[in-house]
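Same chain, two partners: subunit A is paired with subunit B first, then with subunit C.
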Partner chain A sequence: MAFEPKEPQKKLKYKELRIYSDEELNNYTEEELKDFKCKHDIPDLDELEKGPWPSFVADAKREALHRRKLAEDRMMVGRDVVEDLMGILQLSFDHGETHWKHGGIVGVFGYGGGVIGRYSDVPEQFPSIVHFHTLRVNQPNSKFYNTDYLRTLCDLWEYRGSGMLNMHGSTGDIIFLGTTTEQLEPVFYELGHVLQQDLGGSGSNLRTPSCCLGKARCEWSCIDTQDMCYELTHFYQDELHRPAFPYKFKFKFDGCPNGCVASIARADMSFIGTWKDNIRIDQEAVQAYIGGELKPNAGAHSGRDWGKFDIQKEVINLCPTKCMWMEDGKLMIDNKECVRCMHCINVMPRALRPGSDTGCSILCGGKAPILEGAQMSMLTIPFMKCEPPYDNIKDVVDKIWDWWMEEGRNRERLGELIQRHGVPKFLEILDIPPMPQMVTEPRSNPYIFWKEEDVEGGWKRSIEDYRARHKR
Partner chain B sequence: MEEIKKAILDFAEGSKKTKFYFSDIAKAVHKILPDAKSREIKKAATALINEEKLIYFSLGSTTMYGLKGRGITEDH
Partner chain C sequence: MATVEFKGHTWTIDEDGFIDDFNNWNEDWVEYVKGTEGINEITDEHWKVIKYLQDYYKQYGLAPMIRLLTKKTGFKLKYIYELFPSGPAKGACKVAGLPKPTGCV
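On to the complex of A and B.
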């Protein structure tokens, strides 16, 4: 489906948007970098550079040196911000506690989210980062952008912020790390009016929705994740920017159960592409895998010799529901037992494809907080068609929010509300019946209680009759 | 919707404060319209903003609502 923008798209003239020349960007040598010494003593940060992993400290030092050599009028916030940032981090290591104060009253006009206020509690020692606010920038869907766009963002942030950014935060946003209060509105203006790039969510609101590559790049995508994400982001703008929820709320869209944005583990509402009909099998390609002409996993594990591909051992025996077998040289699947784990499809992508009657499963209540413990989202609606403008999906969202906004306690995530009230209450709100797919072990699940009208014959029984067969 | 909008404006105009948290507004509306749903109240508040009767005043991690023309406004 062709992309239909919700608002006229400007053609960006990147050449005119650039702030720095190539000389300004490449203004130091590797020799100078070797000799670079931060103005604060930072032994523990230096230590972080020594391990086998790339360290943010190495990047920060480059940026610090770069800023030392930029002309004074080429930066709207302090030259020393990166060095002071390293200094305050060292101080936190020394003290074993943070020197950032959480929150604080900052924002951009009209938005209740997108800016996270940060103030330091050691202003004398690190004067350039007394206020050092973070901005969340709504990432393009699937994180698709070109280098011109990235350079423009980086220039903007070098000029009006610390130059440091995080690609990407866990929710997906592009995180601009550190600027002063005065620079917030100018950055917001440049992003919104010039680059047509919105801020993301923060606080008790809808957080920046995110999606996998979807149909743009991935043959496995059962739903147009980018379109859904775009539509719902626009439809729920008010929820994204003006917090009135009990706490944060996340949507994530995975095109298939491989779950590349890990929606099941990280979203209050996870939309995962799936299919209702049968896995499509190309028996010739199955033979080509068996014969070795096609490499399993599209060659992904070819760095090592794993021996000859063995379909029995590597696919059939690993099917979690044991619903595959070979019969007269043909691969057979008992599709009603298939749990769409994607394993067989991942191993033999040329031979097996998801079915063609596609839609999404909706799972609710996932969260990944550090303190209270993570939980995966629960399968709530096994299958729903996903066609623009997704009114059926929006209906579900609205019912859930109505309930959560009424009943949710302050800082209670949807998953916790479901736990507190029980799954049956949640299903009542959504007006859907309990289903075995909602739990791994339906018969031992303590959360499903029957109501009298659901049970044939109701609750009434003769206790004498019962006692006749069962002694006390 | 119109009833909720009226309740919000009555509350805002009758209050000494110039800025209100959403929860204050919701509480005030519930006093008059006990059955109003929070999300309906939110939608009504948004409609009042679109009609330029209320303004948003954002604090970075939360949003406050204010009467247009009273207290801190867009110009500050």
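On to the complex of A and C.
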């Protein structure tokens, strides 16, 4: 069943919500752009424009020119914000250090997060970016937009901000870059009351959850990532907007182990779709791949001639657990050895599909490098059913938060807390046993730690009694 | 750094409106700053939060974690946002005269 939001959604109509006319939006020519010179000298930024890659400098120059030609009363924030921004960046390059102060604290009433304060430490030199606060706007699930939505947001931000956006921040949010303190409440009002949009998370709270395309577009999605992301975002609104955690906390939802939102690398709790039963095989389609009628990887490697498809070399030999083989012209899989890496399925999507008994794996403790170095999240719960309203999932979340909020030090991520207390303690909190799935190479890597109460007689039992029965 | 004057006091404040030194805090500051933080009237419940923050600060030299604040005052976080609409960090700490809490983006 297709994902449906549980409350009526406002359809944003650009025609009704627009602020700028077509003439205002298209107010410069490509000729004028060629001749554009920033009011500050920016040789190092000009350098960044060179080469075949897209460049934020090229985009910034367009925006700067656009603002130069807008009427004064059509922008609530300085006309020169973009030019001053380029100027301060050049200055930072020259000095080898940033000219943004650390740790502004601004916000909107009712929320403790969503706005990140930024002040420049060279206000005289760049007067229009003395304040340059960032807003995080909660992105729609899977980042599905229509142009009405995007144009409406862009107009709002041109009018009340710098006009520059980051699509998207690494949390997943739409990032509104740069406005003044006075504009924060008006932007928040427009977003919330007129456009039915919300701010995302920042500071020590639940960061805006994000998910892959999931069932909306992807045949591999083992869970409805959009529905889960939507439900948990709504269910944990308080945690999202009113920081009370030791530090940030991220949820990300991947529909299958391909991990398109890289939840394993970037989330304190990663939810990754998986299956319990067998990979579904269509032997006829396997033959079609072997015979060349179907292109491997859905034709993704068609730019160059890689020679005839070789199932042995390209699929079977690359299976990380070597659990596939051909037998009497049929592809066989020993499913209990399969680690759900997705490789064979990615190569032959018409022949192989994930199983149909689906749910998610929950992994905990991933984060980018701040204190202890980058860490992937650790497999914690190999398989869990994912059905609305996800009470089983929320139970796990609540247990983890209770522990982390009680024990976590200021600015300690979940991954670091697990490291400090050890995995056995973490499993005890969750009330789950250690499992081979949690361990790399469980067959050669002993992973069971006995606790005193598990051992008959405890640590202090007498060796004599044992020796009476067993000679040295 | 700007300065503001109110009822014969002068305070130096930073761009976010925090006073530069806890020692310069007095009750008139609370009266002065409540408006910018969306507070209509300072009640005993506001004072309970303010006093707790100040006591903790005097003892440890920093603001308490929010969880501690809710535990010790007995106010739910949502209620603290009702008392201080701009929140415990930006609102309550500013009113109580504590230095600006540093956060993480």
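Basically, the second predicted complex is superposed on the first by the 432 of 472 C-alpha atoms of A that agree within 3 Å, B and C clash if a C-alpha of one lies under 4 Å from a C-alpha of the other, contacts with A are read in each partner's own complex, and residues count from 1 in each chain.
Definition applied: a contact is a pair of C-beta atoms (placed from the backbone, for glycine too) under 8 Å apart; a residue touches a chain by one contact, two chains touch by 3 or more.
Small disclaimer: the values here were computed from a predicted structure and weren't measured.
Bringing the complexes onto one copy of subunit A puts subunit B in a clash with subunit C. By the touch criterion defined above, A:G117 lies against subunit B and subunit C together after alignment on the C-alpha atoms of chain A. By the document's definition of touching, both partners, subunit B and subunit C, reach A:G107. Of the two partner chains, subunit B is the only one that A:D398 touches; subunit C does not reach it.
Applying the stated contact rule after C-alpha superposition, one finds that A:K248 touches subunit C and leaves subunit B untouched. In the superposed pair of complexes, A:R411 makes contact with subunit C only, with no contact to subunit B. After overlaying the two complexes on the shared chain, residue contacts for A:P320 are found with neither subunit B nor subunit C.
Applying the stated contact rule after C-alpha superposition, one finds that A:P389 touches neither subunit B nor subunit C. When the two complexes are laid over each other on chain A, subunit A has residues 103-107, 109-112, 116-117, 202-204, 238, 242-244, 405 in contact with both subunit B and subunit C. Note for the complex: subunit A touches subunit B at residues 103-113, 115-117, 133, 202-204, 238, 242-244, 398, 401-402, 405-406.
Across the complex, subunit A is touched by residues 15-16, 18, 38, 65-67, 70, 77-78, 81, 85-90, 100-105 of subunit C. Listed in rising order, the residues of subunit A touching subunit C in the complex are 102-107, 109-112, 116-117, 119, 131, 134, 202-204, 238, 242-244, 246-248, 405, 410-411. Put simply, subunit B touches subunit A in their complex at residues 22, 37-39, 42-43, 46, 56, 58-63, 74.
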